[in-house]
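Two complexes, one shared chain (subunit A), two partners (subunit B, subunit C).
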Partner chain A sequence: MVVTICIGSSCHLKGSREIVHTLESLIKEYKIEEQVQLTGSFCMGECVKGVCVKVDDKSYSLTPGNTKEFFMEEVLGGLKDECH
Partner chain B sequence: MNFSIDAAYKSLNKIKEELCGDKVELLKTVDSDIMILADGMGSGVKANILATLTSKILGTMFLNGASIDDCIETIAKTLPVCQVRQIAYSTFSILQVSHDGQVYLAEFDNPSCIVIRKGKIFSLPFTERVLENKVIRECRFQAEQNDCFILMSDGVIHAGVGNLLNFGWSWQNVAEYALSAAKETLSASRLANTLIKACDDLYMQLPGDDTTVAILRITQARSIDLFTGPPYNPEDDTRLIHDFIHSQGKKIICGGTSANIASRILKRPLVTSLNYTDPSLPPIAKMEGIDLVTEGVLTLSRALDLIKQYKDGPVDEQFFEELDKDNGGSRVAKYIIEDCSILCLFVGKAMNEAHQNPSLPFNLSIRLHLVDQLKEAVTAIGKEVHIQYY
Partner chain C sequence: MFGNDTNIDTIKQEVLYQVAKLSFLGELDEKKDALPYKLIPGPQANFRCCIYKEREIIRQRIRLAEGKSPSAGKDNKNIVQVINSACEGCPITRFVVTDNCQKCVGKRCQAACNFGAITMLRDRAYIDPAKCKECTKCSQVCPYNAIADLMRPCKKSCPVDAITMDENNIVVINEERCIDCGSCIKNCPFGAISDRSFITDVIDLLLNSPRPVYAMLAPAWEGQFGADITFSSMTNAIKELGFAGVFEVALGADFVAASESEEWAESYKEGKKMTTSCCPAFVKMIRKHFPQLVSNMSTTISPMTATARLIKALYPNAVCVFVGPCIAKKGEVLDTITLQGADYALTLDELAAMLRAKEVEPAASPDTIQQGSIYGKKFCISGGVTASVLESLKEKEENADITVKQCNGALECKKALALLKLGKLPEDFLEGMACEGGCQNGPGGVLTGRLANVNRDKLFGKADERKIHENMDNYKDLEFSMHRK
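Right after this comes the complex of A and B.
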């Protein structure tokens, strides 16, 4: 699974760095480094919906506040679905 | 001769003095660059006035084509006479480098100019003559690529006298130190800073005299091409990238969307990292054939701040530490300050809709305003700037 976080100007100002850090530590905590690749991208062209995050090809709009929720549902949840 | 001139100077004031008794003037005529260093007798206000008058008179007269003989006569007749010593006195050095590479150097009572050529101290073919009872040393020769000229006041060679060193630093020691320091950097400003730092250390931070170094380096003309902002009309993307990539300089792209455009047209992948070397700036990215790829306005604002700081001077060690940092802003600023004589900007005028969002901490539509400020600051630090809008 590839999780891409927009680090363009607008998303940066809306907190993409904090989201990157939260996701990094959650991935470590749940020991899923092998299954999830975290990567950055310059502007994804959806600044209005920032912070833009993509899980494979699906787009999400995150804030630092709902990052953990997103991780539980989409990242951990997504991995479970992949296993089944 | 295809070269550019990088000149900078730095001074230490004598302990407890608010004004420096040394004065440096950097001037440009139509066909030459001139650097003048004057050291007024005594210290404080009096020395400052003598040195300022001397350097300004020399500069103004030289700029208008007067001969050295006329300049010296004028100085001798106009400098105010010291009540205590009954003489009017200020030493000086004049260095003129013409665009065809001819060098003219004239010195009166200052330590002799250090010239570094091809990693060695170059000894100068001085001749002496007497003008208005002053012995003037002069020489003319042809400059070569990478020559480095160091003018200094006697505070430099006296650094440490009677304290750390019995007889001070001596010309030979300064020259050898400068030789090794000059190998470390191509920047005049950084070299001036290194030399002055060494003097300050020898004085144990209590300078016994006004101390100044003024450096002029001849470097190859180097250009930088910087692309920022998508074109107003997307049909112009290809034309912009074509112009940008076929220009001669090192390549920098500042802007996420801009980098994506370059990646698409050049068919080269853009690799972003998540390595935050500075918490307030987005990380930099990599693309084959492009020397530096960064985010846009935040990075450019940071770079502009550093360039303005450099312009307003004087810069110190902390400044160079900041400039050497591995974040996008520092790296852009370092390229422009130390590795560039001609800056070519390729600027797209598109507005980013999302940047108009009033909830953002500041208005990100400031790109064009930033470009204007960048042009002003970079021109002020003696570089040529060309802007092409799309």
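Right after this comes the complex of A and C.
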């Protein structure tokens, strides 16, 4: 699973760096480093929607506040779906 | 807007300058649609068939300056992008019979061709492009050397075979293979390949970020703005753009040399061969084309990441912007977002555009700030990383009697990695630099050739003789890791 975080200036100002940090610690905590790759991207062109994050090709809009929720549902949840 | 001497660099530079200027004024979104008309007022075309094509090229270059793919709706992640409106689809067939053909009796070319592509015209042989499979045999057997191999310049320059054509002969870059080296950008005579930019993001942060933004100058910057523009002069100029401060990446390079020297000493004892990890195009070549060798790569972070970590150890809130002649560093930034290294990367031509946009002219300064040792500074020259690591081993009184294959350019890197993969590399270590001559000849520089070398040598000549470890001692209170994980 590839999780791509927009690092354009607008998303940077809305906290993309904190989101990267949170996701990274959660990935470590749940020991799924081998299954999830975190990568950055140029501006995704959706600056209004807050910090833009993609899981594979599906887009999400995140804030540092709802990052943990997103991780539980989409990253951990997504991995579970992949297993089944 | 453009005169008769229009070349690719001036077009690129002009677009970056105009975009930077509007970004600093906060008017980019409002005025970017008018830019193609400002730059190409018409009615006469300057360098292409018509003003409409020229304006489309400008439009696509503006998108690249904004960090987007040149064509809306055709987004991909690659740093190196095709400006398809500028690609001429070079209608050259690869093998062509030249005037040297004597229409000889032997006709070895015809005999060598397994595809029946060669016929004889009235005065010379002819290769039917529809039948030719580009096997190269005819050109090899011709006793007059009369068959020319005219590969498209982009394709010829690519060290990893990442370039193909679509059905209309327009260049397509294979993202899975591309290592961001920028060789095709330098070699396309039509300027149809270029790199995405973080320039608008960096300007936005300079204007709006509550966090301090720091610039980090790669060693290869020295000499690019003239022989009298020292690090102190450049620091003053860059601060005028709104940066909080400037650091030399040569300082991070000193830490890299020390860390790699420890790794090399250990691996030498274990009999394990190791490669450097500072050139991002070389690292990408290993990851994409020699994945078996990832474990042979040094785990030391790059000088860019090291410098950023040092800055963040001093100022935890800092936003770090790398500036150098390298395009692949932009890819490194995206690939290493979890490493707490550089937040953005710019090329030197992008920095030049920002300086011009703010009407800042770097001027000679009486101050003589030096952060990196001369060994760190020389990381930008082929063989420089090896020299620094060996120096660090000597300073620590370790065995420096080891052999290193210094790969100058991507093709040499590829050959040496192939040997290493087969277990046949004679040397103990491998230094990889994707640009010939080292970073100093990177595709994002502003000055190349002899003048750049003369300027750099003059500036390097002014550096003091501090040692690597002595220099690092100045920062011994700072805590940051020098490894990827």
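Quick note on the criterion: the second predicted complex is superposed on the first by the 84 of 84 C-alpha atoms of A that agree within 3 Å, B and C clash if a C-alpha of one lies under 4 Å from a C-alpha of the other, contacts with A are read in each partner's own complex, and residues count from 1 in each chain.
To be clear about the criterion, contacts are C-beta pairs under 8 Å (C-beta built on N, C-alpha and C of every residue); 3 or more make two chains touch, one makes a residue touch a chain.
Note that the structure is a prediction, hence the values are computed from the model and not measured.
Visitor: For the overlay on subunit A, clash or fit between subunit B and subunit C?
Guide: Aligned on subunit A, subunit C clashes with subunit B.
Visitor: So in the superposed three-chain picture, is A:G50 touching just subunit B, just subunit C, both, or none of them (first/second/both/neither)?
Guide: Touch partner of A:G50: subunit B, not subunit C.
Visitor: Please work out whether A:G15 is in contact with subunit B alone, subunit C alone, both, or neither, and reply first, second, both or neither.
Guide: Touch status of A:G15: no partner.
Visitor: On subunit A, which partner touches more residues: subunit B or subunit C?
Guide: Counting contacted residues of subunit A, the larger count belongs to B.
Visitor: Could you tell me if A:I7 is touching subunit B, subunit C, both of them or neither one (first, second, both, neither)?
Guide: both
Visitor: Tell me which partner A:F42 touches in the superposition: subunit B (first), subunit C (second), both or neither.
Guide: both
Visitor: Name the residues of subunit A shared by its contacts with subunit B and its contacts with subunit C.
Guide: After superposing on chain A, subunit A residues 5, 7-10, 12-13, 17, 20, 24, 38-43, 45 contact both subunit B and subunit C.
Visitor: Per the contact definition, I'd like the list of subunit A residues that touch subunit B in the complex.
Guide: On the subunit A side, the touching residues are 5, 7-10, 12-14, 16-17, 20, 24, 38-43, 45-48, 50.
Visitor: In their complex, what parts of subunit A are in touch with subunit C?
Guide: 5, 7-10, 12-13, 17, 20, 24, 38-43, 45
Visitor: Would you tell me which residues of subunit B are touching subunit A in their complex?
Guide: Residues in contact with subunit A: 255-257, 259-260, 270, 272-274, 276, 279, 281-283, 285, 295-298, 352-355, 357, 360-361, 364.
Visitor: Write out the stretch or stretches of subunit C touching subunit A in their complex.
Guide: 66-68, 77, 196, 198, 200-202, 204-205, 208-209, 319, 333-335, 337-338, 343-344
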